[in-house]
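Read through the structures below before going on.
Look at the two complexes coming up: chain A is in both, with chain B in one and chain C in the other.
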Partner chain A sequence: MSVNTWLATGNFNTTYRQEQKTFVTSLDRSIFTLFLLTLFAWPVFFPISQKYMLVVDNILVAIVAVMGLNLLLGFAGLISIGHAAFIGIGAYTVASFSRTLGDSHVIVTHFWPVLILLAGFMGALFGAIVGLPALRLKHLYLAIATLSFQMIFQWVINFMSFFNQGQTIYVGRVFWFTGEIGRNQHYMFWYYIILTLVVLMGFGVRNLLKTRYGRSLVAVRDNDRAADAMGMNPGLTKVYAFALAGFFAGVAGALHAYLYRGIGFESFTLHQSVGYLAMAIVGGLGTLNGSFWGPVAIKYLDIQMEHLAEFAGHYMVQASNLSTALKPLSFGLVIVLFLMFEPRGIANWWRIAKSYTKLWPFRY
Partner chain B sequence: MKSKKALLFNTLLVFAVVFAFTLPAQAGGKAYKMGLSLAITGPTSDAGNPYAKGAEDWFKYVNDTKMLGEDTIDCTIKDDQYENDTTKRFFEQFVDDGIVLFLSYATGANLALKRDFEEIQIPVVPASYHEGLIVDAKYTFMPVATYSENIVGLAEYVVENHKDGGVPKVAFFIHPSAFGRGPLEDTQKAVAAGLKMEIVEVVEHGKDLDNSAMLQRLISKGVQYVLCHSVQSPVATMLTDAQRLGLAAKTFGEKGKLTFLGAHYTGGNDLIALAGAATEGFFWACSYNLTSENNEGAKKQLDLAKKYGRDDKAANSHNYGAGILAAQIATEAVKMAKAAKLEVNRENLYKMLNDMKFDSFVAAGPVTLSKTERIGVDVLNIYVAEGGKFKKIKSVESEFIKKVRAGR
Partner chain C sequence: MAQLTVSDVTLSFGGLKALSEVNMTIEPGLITSIIGPNGAGKTSMLNCISGFYHPTRGNIFYKDKKLTHASPHEVSNMGIARAFQNLELFSGLTVLDNLLLARHQNLKYNFIEAVVFYGKASRVEAENRAYVEDIIDFMELEPYRKSLVGNLSYGVQKKVEVARALTLAPDILLLDEPMAGMNQEEKEDIVRFVLDIQKEREITVVLVEHDLGVVMDISDRIYVLDFGEVIGSGTPEEVAQNPKVIEAYIGEG
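Here is the complex of A and B:
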């Protein structure tokens, strides 16, 4: 380790402990702290409209979900095309309480942190169950198994009267120490809650990957037989990867339920599952920061395409259908282009940018 | 020196010209903001697209003809592609923009936003006629009879006109969603309240391209009438299959055959375009006046579409008429508020909507809204497809729906 903790010029570690440090230099830590402070402070100094606050909250919820998917797909190498169903499990855990006890029951409105955690555990439980086929299946076959779960989930929600047959189940307004969170504070309040969770879960993932549990995910992904030979249990690791992804998805689902103050099954369909996959791919599989870049990029692209479609619609009135098709077209195109030209996702651009600035003014 | 004077003169001239063009616009009346979010593309856009055109054209007409004097209605129309989360985002944007009235669309999105409407206290005119939207809702004003009213009205028509003696045997063919199931539940309640018919089977359709087995099964169970509540394409598939199998009744209630009847979104010109001759003999309940009726109302609808360059398909669509009616209700509320010398805001528009009565050229009857009456047009026209057109048989008002509502 360099003597100067502010300006280390290379990876020079003398102990494993040093190597496992989250921040290599004090400068890194300071920049990150400043960044976090900015994230927490900006809405106070630069308030934005409710619409955009909802968009930001939505991105943060997607980040929680994609962190889970990235653990499963990026780190453990297990494909899942039923991630929206896991998110739905979390959302419908909250909905079940709301439907059974009433949407304004004290458990729903006051004990929401407990429900969010419970939703995570329900997601983990279902994740572990759905992960069981992973003991025997791989690749496309496993993808089909997760697809089946997605279909079963949709069918159950759409037909069971307990779940209101897919119609909206309302969730009451939550309470904080200051009282009920009203409409005007709603999105801001959830911004801070979700952001806190994103930070905590982000550190959780970061630390997990330094432990043997995290390394076993990567080992099983790279070669499960070799991992087995090294004393790991590939089967258990795969099931635990699904449970972990399910936990993140469950938490995301509960956050979605509270953010939208209601749950309808349209938010957890196969279409959404594909969307989360796209976010993970575009962000960068197998990287933590990819889980942040993906949702930001895809949601931003969505909104920009919407604006472009509206703009084009004004000039191509007769072909408004065509202009609106820009949205799904751009979505598909972005995924294909990333797969072809930057399979490591935006996270790779971030890596390049970081190395460039680290060595600046020298070429990287 | 001369050139400096010329420069000053030219600058002043430019300013004068700019003021001349901009001043009237600024000095003109107020613009009342409204928002419409609906599926212009994507699922159900076959209905949403002409609906959007109808609303847009009516607001243009209001502004062009100075119906509100110097004041105008500025309605932002956005395509949510039938995604509830997107509708929520648009709604938040509209609220940020300060809209005084919201024109909404899908059943799911309306149900999801119901609490917001009540909290913000914003009047809403939906394009979905799902009965649940006006249950425990103060601010939603249904333009026309609900889907439940359509289906219960058709069920009453079946009971009244069933000739073979005994109780008519009916099957339901419904969309697998809240939209499809709501009217079924209300019809079951109507049957429990004394409507003499037997519901033999309920079919929640998927995306089947062949309904032969289902139709044969219905026949084998003695079903004579099929009440449909869905969108046009699955109904068209079923009608085509029934025609191919020779199971479609040629006259109402023909024994051993199936008579098909459907509510608002099952019928119309799109159904004829999809099913062709198989549509013949299909009975359809709708609270809108059709252009095929060739009456005064139809001419006005066609004139409006022509004025704004709409094609025949949009102009003749009952969904184009539906868009016009929603916009007319909004306009009427503004007119009433202005006439009462009230500020045009959410609160006052809500008051106006609680006591509204006017005739619309696109509707089957007068629009009447009050504190206790949340449905604008209660009259249903029952049409039958004949010679490639829907022709009106009679206008009805459902009696049993009142009993169903009273029992809630």
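Here is the complex of A and C:
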């Protein structure tokens, strides 16, 4: 029997390994590859202004952060209101190097991949420490424990002269094989770096969820008593979930520091933490693709609100105050509306759309 | 030699004694039942063995290992699996995932291999999938393999609960009222599975059950608990003749 790998129909799995495949048919794989190629190619063919490239980069950094938060909140069911602080840990890991060695030291500018990885591990370390209360606390109480970490982080940064009391700490321009990345290439360069990381981490998470390391997260979310009886250590699993989220946050923080070529404490406040929570919720908790939808949706909303406020301010000068109120207002509204009408997030729309195209046009 | 020994176990919650100086020996390869009226301490006994409660006094030994203060995952990794009375399944997952979860300790690959998921992790996952399929086959759960556990009927969920405990590949299986709330047909099904588990898979079964008919039919040994004390033990015939047991159940002095 000839096997047509382009269609799902007529093909029967004969080994369990065949069932592990991420892409069922060659068609799926081709579409996805094409999609990735598009992501990598579009800035070359349709260059956009620096301002919007920064927005795109920002979205990608948020995706890295939200992937971690989604593993923690969506898969392991542990609430963290201190995610921005974990991101801050990563960013300040890079900043402390720049502060002690000078912002253009060779370690900061040439060994940035090492620093990004190190920032991830610092995030994981702090995540594990902050996750320790999860051994005893649940739900709201755990949320308060992570909130306290957020507060401690802000105070420490604000009062330590080593961290410039929260004022901007500069990070130098990085070097690639071609030499220093100049002003004009900066955002484009980081677009490719962060996109590559997002793709790698996305596949990493997809694989992880197929193994015991992913399943144990879901087990402690659904029923940690039963998880215990099934031979997992629920306490250890929770700490591991926090460490995992911390790693993603740390990487995101380091990327943030390099992208902005400097950091100040205002990027890691409680407000930002709530923002990441909103992205995770709007995207869809407990789904991998939700981590991609959420940041895109929220950041897009941000831009549109800015435009709207600008537009309104142009015609009614008195309404220019509106611009400051409109952003948080729309932001809050979106969270409430999603929680009410689509608690499973945009990922659910994606799921529905996919199930429609399963029969049309002639998929089988 | 006894496989599991419970010696002088006392469990008290404040002033309430759930168990007082209970002694039990579980012989390998047999079906041992624990019966008794409501609130007699049967489930407390299982909780003590499986590590959810720790005895106030006394000790529990598995072969020669002491598991008095072991936590549930340590106990289950030693080879004592437990099915719960009130379903404690992962209701948001499929039957298959529920069973795969029980293979946690048998999946020998590290974190990096899991993230790469090429070669070892993939191979080990496939092997374990084969093991899980064997259990699904054994418990006749094939039609429900990919359905969410939360959507299944109560009877099937109970079967999944037993199957999940079985997937741990235990030496001793603790079943907490596997037949509660089932109709005659489903009960007969479960009884057949319990007997198969004992005979085919050579697993020692400890059964807590209210249905005396079933218990008398299939048990090799019976312990009768009342108010936390063992009031009778032995073969089904011996227990049925024990005046204390008759008193506890029928209430005549």
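Simple rule for what comes next: the second predicted complex is superposed on the first by the 346 of 364 C-alpha atoms of A that agree within 3 Å, B and C clash if a C-alpha of one lies under 4 Å from a C-alpha of the other, contacts with A are read in each partner's own complex, and residues count from 1 in each chain.
Here is the rule we go by: contacts are C-beta pairs under 8 Å (C-beta built on N, C-alpha and C of every residue); 3 or more make two chains touch, one makes a residue touch a chain.
Quick caveat: nothing in here was measured; it's all calculated off a predicted structure.
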item	value
Fit or clash between chain C and chain B when superposed on chain A	fit
Contacts of A:219 with chain B and chain C, given as first, second, both or neither	second
Which superposed partner A:266 touches (first chain B, second chain C, both, neither)	first
Inter-chain angle, chain B to chain C through the CA centre of chain A, in degrees rounded to a multiple of 10	140
Touching partner for A:143 - first (chain B), second (chain C), both, neither	neither
Which superposed partner A:16 touches (first chain B, second chain C, both, neither)	second
First, second, both or neither for A:54, with chain B first and chain C second	first
Contacts of A:208 with chain B and chain C, given as first, second, both or neither	second
Which superposed partner A:132 touches (first chain B, second chain C, both, neither)	neither
First, second, both or neither for A:232, with chain B first and chain C second	second
Minimum C-alpha spacing, chains overlaid - chain B and chain C, in Å	33
Interface residues, chain C side, partner chain A - complex	50-52, 71-73, 76-77, 81-82, 84, 88-93, 97, 100-105, 107, 109, 111, 114-117, 121-123, 125-126, 129-130, 133, 164, 168
Touching residues (chain side chain B, partner chain A) in the complex	40-42, 45, 49, 78-79, 81, 83-85, 88-90, 92-93, 95-96, 108, 111-112, 114-116, 119-120, 132, 176-178, 181
Complex contacts: residues of chain A adjacent to chain B	49-51, 54-55, 58, 158, 165-168, 170, 183, 260-262, 264, 266-267, 309-310, 320-321, 324-325, 327
Residue ranges of chain A in contact with chain C within the complex	15-17, 19-20, 204, 207-208, 210-216, 218-219, 221-223, 225-234
